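Two complexes come next, and they have one chain in common, chain A, joined by chain B in the first and chain C in the second.
Moving on, here comes the complex of A and B:
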């Protein structure tokens, strides 16, 4: 019981790190998703294919392998990164590929009549996108973006394997010190991930119902 | 010089020839009503005029600007041509006033206050002065279409295109939209209306054009067109719709 209670502050710090990773990765993923997704929605087929290739590549590889590549592989090219930066970068690229699909899907779901009406007024392509299409598409992006955040929080636990002291790694360190607390500690971690993620996915479902 | 001159206009979508050698001339202040069965190419003509659809051959000159000249920018053409769509296509995230001010602000470069004044005047003109701050979702179909007309008029166009402007409306509310269109005709707005409203064509048109299968079959002032149609195809169409 004693070593369980002693573990609590480090778990809380670990949860803080998990949030830091997730929020930083989400911000980058959204930015990446907007750039890639918008480009893809406008690109002619010849340009869209390579972009699609990039997206499919990052969707098709295991996140853990990407983290290992960035953290252990890139330093051999002189690109040394901190554990946290490598984890954030891997999460960001991985989630960015998914975010770009969300953005592209939302943009192309806006009826063509909207674009035509704006074009008939004399607005150019980018003005149409910025003033007419994206404001409407944002509503459709919101629920899947919230769900994506929950996925990032969950997936960020892989960062423990490149020695980021997130919630899972904090738990492992405590268990290494006293293996007897493995059950309560990992149970706590399980519940903590659920308590964080469940409201997020509920929020996503609510938004989905409200906005569509 | 006519306001609009189309000569030898051709357009195909893949193998499907939708416009075959179209010649059409509309004088300043005239109302041209285009009628015909669906799929005859009526709407495509309108969409070619403001370059929403590029043509494959022939020429279109509107108020001295050549639609096929790549040196003529889209914006210079489109600010001269207002378009009203069957499905209204109002911007749902904007109020009626914002729908009407978008073009003047972003394309014509008007200040917000000037654009607002213009929008208020136009919304009053279409009978919707009290709906300026309503969203499209709070308006009836007829009201939405009248906002869409105000939105097109706000650019100060030389020509107004109406693409089946009343086809998506319940019969009892088409009247309020047709009344606005009649008012515009009385003010000598140059208008090209693709329509199924034979009463409107008979009453308002300077010229009625009957299209079928991508060609103009017959074109005459409404008295002659409805009173003594020349072509068999026209007679059989009119016998079904009148």
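Moving on, here comes the complex of A and C:
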């Protein structure tokens, strides 16, 4: 019991790091998703193919392999990365590939008549996108973006495997010091992730019902 | 090893998903509540943490704990089955509820028992509806098999790590491993699209 109570502050710090990772990765992923997704919705077929290749590559490769590559592989090619930076970068490109599909899907789902009407009013390509299509598409992106954030929080636990002291790593360190606290510690960690993620996925479901 | 874990993982997750989905649409409230609690908990917690819990925390349970020391492969596979199984429950439940109510009523009118209604009428149609989502979940399970290396199981990824520890050429090896996974994932994706076409209505 004693060493369980002693562990609490480090778990809380770990949870803080988990949030930091998730929020930083989410911000990058949204930015990446908008750039790639918009490009893909506008690009002619020949240009779209390499973009599709990039998206499929980062969606298809396991996140852990990507993280290990960035952390252990890049320094070999002369690029030093810190643990946290490698974790955030891996999460960001992985989630960014998923985000670009969300953005592209939402843009494509806006009826063509909207674009045509805006064009008839004399708006240019970018003005149409910025003033007509994207504002409508945003509503459709919101629920999957919220769900994506839950996925990022969940996936950020992999950062523990490259020694980032997130929630899971904090738990591992405590268990290493005293194996007897494994049960309460890991149970706490499971519950903590659930308490964070359940409201997020509920919110995503509610939004989905309300906005569609 | 990767293929073995993926194989048993997919089968286990399908079984969990089917049972859970049947419970979610059952008329008995306790069955519904139990299935919902299971699904929401395991869907919303990281599979990696579940694997750690099964491998390291379960054996510490007072009383029965020492009997629950699972071999690492079993703990890892079980963790994947729980997580992806919970996702399958949701997918199949949505599929089952998308089958028009008239189908179930017609099956009931023909005198089929509840189990037979599910088996012969509802599930075959629900599977077609759910197939794209199920396929994505299989691919996600396949990618998540990399997590098992973290508790010392030598899957494809674990083997690569072992080799790296010996000869220290990580960049190329990680790239190779990544490409192997990518090829498998692409093959799986193609397979599922073909299956969807085969089973499409009409």
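The rule is short, and it goes like this: the second predicted complex is superposed on the first by the 212 of 212 C-alpha atoms of A that agree within 3 Å, B and C clash if a C-alpha of one lies under 4 Å from a C-alpha of the other, contacts with A are read in each partner's own complex, and residues count from 1 in each chain.
The criterion applied here is as follows: a residue touches a chain if its C-beta (ideal position, glycine included) is under 8 Å from a C-beta of that chain, and two chains touch if they have at least 3 such contacts.
Because the structure is predicted, anything quoted here is derived from the model rather than measured.
Trainee: For A:178 in the superposed arrangement: first (chain B), second (chain C), both or neither?
Mentor: Touch partners of A:178: none, neither chain B nor chain C.
Trainee: Looking at A:132, would you say it contacts chain B, chain C, both, or neither? Reply first, second, both or neither.
Mentor: Touch status of A:132: first partner only.
Trainee: Does chain B (first) or chain C (second) touch A:119, or do both, or does neither?
Mentor: A:119 contacts chain B only, not chain C.
Trainee: In the superposed arrangement, does A:157 touch chain B (first), chain C (second), both or neither?
Mentor: It touches chain C, and chain B stays clear.
Trainee: Which partner reaches more residues of chain A, chain B or chain C?
Mentor: After superposing on chain A, more of chain A is contacted by C.
Trainee: Of the residues on chain A, which ones does chain B touch that chain C also touches?
Mentor: Comparing the two interfaces on chain A, one with chain B and one with chain C, no residues are shared.
Trainee: For the complex, which residues does chain C have touching chain A?
Mentor: Counting only chain C, the residues touching chain A are 40-41, 43-50, 52-53, 56-61, 65, 139, 143-147, 149-150, 157, 161, 164, 169-171, 174-175, 177-178, 181-182, 185-186.
Trainee: Over in the complex, which chain A residues touch chain C? Could you list them?
Mentor: Chain A residues touching chain C: 56-57, 60-66, 68-69, 72-74, 76-77, 150, 154-155, 157-158, 160-161, 168, 171-172, 175, 179-180, 182-183, 185-187, 189-190, 193-194, 197-198, 201.
Trainee: So in the complex, the part of chain A that touches chain B is made up of which residues?
Mentor: Within the complex, chain A contacts chain B at residues 111, 113-114, 116-124, 127, 131-132, 135-136.
Trainee: Flag every residue of chain B that touches chain A in the complex, lowest number first.
Mentor: So the residues of chain B in touch with chain A come to 50, 52, 74-75, 78-79, 81-83, 85, 87, 89-93, 102-103, 106-107, 148, 151-152, 155.
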